[in-house]
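Okay, got some structures for you below.
In what follows, chain A forms one complex with chain B and a second complex with chain C.
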Partner chain A sequence: MKITVKLFATFRQGRFKIAEQDVPEGTTIADVLDTLAIEVADVGMLFVNGRHAEPEQRLAGGVVLAIFPLVGGG
Partner chain B sequence: MDKILRVNMTNLTVKVEPVPADWAGLGGRALTSTIVAAEVPPTCHPLGPNNKLVFAPGLLSGTAASNANRFSCGSKSPLTGGIKECSAGGTSSRIIARLGYKAIVVEGKPAGDTWYTVVVDKDGATIKPETEVLRLGTFATVQHVNEHYGEDFGVITLGPAGENLMAIANISVKDPESKIRSFGRGGLGAVMGSKKIKMIVINPEGGVALPLADPAKFKAANQAFTKTLLDHPVSGQGLKKYGTAVLVNVLNEAGGLPTKNFTSGQCAHHDAISGETMYDNIVARGGEPSHNCSPSCQIQCSQIYNDKDGNYVTSGFEYETIWALGADGMVEDLDVIAEIDNVFDDIGVDSIETPVMFAVAMEAGLIPWGDGKRILELLRNDITNATPLGRMLGGGTGHVGRAFGMTRIPVVKNQAIPAYDPRPIKGIGVTYATTTMGADHTAGYAIATNILNVGGKVDPLSNDGQVELSRNLQIATAAIDSTGLCLFIAFPALDIPACLGGVIDMLNARYGINLTGDDVIGLGKQVLKIEHAFNLAAGLGPETDRLPEFFELESIAPHNVKWDMDQKELASFWNF
Partner chain C sequence: MLSHEELQRYARHIVLRDIGGPGQQALKAARVVVVGAGGLGSPILQYLAAAGVGTIGIVDDDTVSLSNLQRQVIHGTPDIGRPKVASARDAILRLNPHVTVEAHAIRLDATNARNVLSGYDVVIDGTDNFATRFLVADACEALERPLVAAAVIEFYGWVTVLMPYATGPDGSRNPSLRAIMRQPDDGRAQTCAEFGILGVVPGILGTLAAAEALKLVLGLGMPLVRRMLTVDVRDMSIDALDYEGEPATGTELT
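Let's look at the complex of A and B:
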């Protein structure tokens, strides 16, 4: 199945901003992080279609997964 | 010895008074709000002789404490009609604190047309007629002070908007690079202008190292505190690199980035105006990604942003400004946004109220969507010269919306709503509705827990737990605003216990007292209650603790949600 992965801030370095990826059915966010060599501990926010998500969440085809390091402002 | 400096503009006299015992344990916001509540009639006209303008360094300002050199400015706001406290960086807070002034209270109003400069020194102040810097922008005014008084003087000044008593006018403070930091919100520049003060300059001569009851304990506490600032990913790394503008992409992903005057929660050109793009531009053009707004800052969220030719354009280039122009007003070019930000600073207008107002003016048809060049013309010509059109715009978001008969006017208590849509982020909606300040994200930054996963997680799309979250944050914020510490210490404070522990230890070591965490929370509650009582007496009753109706009528994409918090639940905010 195809998903769209968006990376932000430092996670873009040496990777990409946005990419479509072909992943097996049943793939979790943690699996995607693994293939990107991003440690779960370094992740600040995960959004699937604009909603907060946890690493163990399984992804459905066609979703947009956004991955941010810990950042903030105000 | 601690003292209060009173500057009376009615009879042009100055008094230095001892600090009343009741005020001895107060600083920053706690002190400005206490003085305003005690001495300003809540029903007075904000621009009349009965209003006062109070400047107060925080309880830790002037010491070696990291990030503690901010100060508060309090008054009755001409924009909201309620009590106002703003916080700003710059160099003045440390100077004022080291001269021994707990507060500078400006009162009264002169009868004639003469403008004045107030020169503060260790013995008091002199009030002298001012002609040379009138109508100058804030950058030129600071340069004038550097050349004619001294580069080490503190400067608190107005741009043309403040001289013309506009409700969008802010008060500008010189920063370490002779650029500008601002008491931004609520039109306090108009209050200072009503008192005919173009600038307050502060002579640092005779300032002394502040006494510490227990120097060794203070040093250790500051080290422990500073370590938490550097260890937390947000304050230690994220803000240094990307500044606050890193939030553009975060809020866009979360569907809470108000776009085109609050008609969508996502913006198609978000990446062009993002913190990531800002960082790339800064590095490519020889600017500085990390920069401090006040002495002793460890977080360094400010930056120097240059144009394509490597020339300085702006600093302190904030998420809220970029959002308001870039997404809310649809200006797609970050360089144009930077140029507008510089003009905001120079003419002395709030960089939230003003661009939110422009987005409303765009919807009204006065300006084409995204037309940054037209915004620059209106700022440089009409607002600077106070033409009738400039005065209409200078009245702020609510003023312009009413002038054009609009219903989608994003204000609470007539103050513009900042960069987070309350429909998909309910916690910040509670803060906008209930804070004594009018719509103000900093008063209780629920974004931390609703969106950023700092201080736990509360689902932004659910009403559950939001009142309690906002209440706890507003109480803590009122306490932090009283210390002179930057509010961004809240990021480590929400996650690392040693952070707040360090702050309390520093307060105790500075003053030789035994505050506990409960005492600090008690101070925060006391501040909010004082402010709330002032607002009730000023006519801002419970019916003003609400969001504009359009949030209940119009759903917003991509989550397609409305504001649906029960008003009774919202009112329970004040049950403490």
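Let's look at the complex of A and C:
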């Protein structure tokens, strides 16, 4: 199934800003993070189609997954 | 009432149909507090002061250091070593003597946050650590105060408005900070000291945050509630992400 992954801030460096990915059925957000070499502990916000999500949740085809790092400087 | 001098000072506001004399009066009557007088706090405080926000609170327990000055533009070289609240207060009063500044040279904690923030109509968070960010967000939720939250690192930043005590157009409760963001150990979070920050980035996000605060005071336009504006200065792109807090039911996200 196809999903769209959007990365934000420092996660873009050496990766991409937005990409369509072909992933197996049953793929979780944590699986996607793994393939991107992003550690769960470095993630600040996860949204699937604009709705807050947790790493262990499974994705459906066609969704947009947005991944933010822990940006908290001032 | 606005004095003759104030009418002149704010003439470009007053000529705006959506502000006018009543809007400028509302700004003068408003009490807005800025947590953190650093990179984000600097432009926020400058624009609130210039706009004529009548009472401006500043919360910061830090002193000005040389490495701050590349981005914390409210402070100057002669201010090194001074408390940031004192330096910022002097700069604000130089800019606009019609403004009252309330300086809180303290670090917010669970014992004082609600007491300090309850005295204000709008809260703006420009702190540099997640512990304070969540403390401020929790206090604003309990006090039912709108919170303009902004954050920066490297070439990036985000800004949003949190009003979790209110409902949105669909009748559901707006999400809280905790409903959209995980509170990390501060050791894990990216800090400007460790990762660096291009000086103009907090300038951009700070002015966006100040604009949101002025809109909230004036009841103007659409605040960034349930919407996060993200800025990437490397390719100079701005994205707006509409978000909801509640997780979908079941394990599959559709």
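Quick note on the criterion: the second predicted complex is superposed on the first by the 71 of 74 C-alpha atoms of A that agree within 3 Å, B and C clash if a C-alpha of one lies under 4 Å from a C-alpha of the other, contacts with A are read in each partner's own complex, and residues count from 1 in each chain.
By definition in this document, a residue touches a chain if its C-beta (ideal position, glycine included) is under 8 Å from a C-beta of that chain, and two chains touch if they have at least 3 such contacts.
These numbers were taken from a predicted model, which means no experiment stands behind them.
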| item | value |
| --- | --- |
| Partner chain(s) touched by A:9 [first = chain B, second = chain C, both, neither] | both |
| Larger contact residue set on chain A - chain B or chain C | C |
| First (chain B), second (chain C), both or neither touched by A:44 | both |
| Touched partner set for A:60, first chain B, second chain C, both or neither | second |
| Touching partner for A:74 - first (chain B), second (chain C), both, neither | both |
| Shared chain A surface residues [contacts with chain B and with chain C] | 8-10, 12, 17, 44-45, 47, 49-52, 66, 68-74 |
| Partner chain B, residues of chain A touching it in the complex | 6, 8-10, 12, 17, 44-45, 47, 49-52, 66, 68-74 |
| Chain A contact footprint on chain B (complex, rising order) | 233-235, 238-239, 241-247, 249-250, 253-255, 271, 275-276, 301, 319, 441-442, 445, 447-448, 451-454, 457, 459-461, 487-488, 491, 558-559 |
| Chain A - residues contacting chain C, complex | 8-10, 12, 17, 41-45, 47-54, 56-60, 63, 66, 68-74 |
| Parts of chain C lying in touch with chain A, wherever the complex brings them together | 36, 38-41, 125-130, 133, 150-154, 156-158, 175, 179-182, 184, 188-192, 195, 197, 202, 230, 232, 234-235, 237, 239, 241-248, 251-254 |
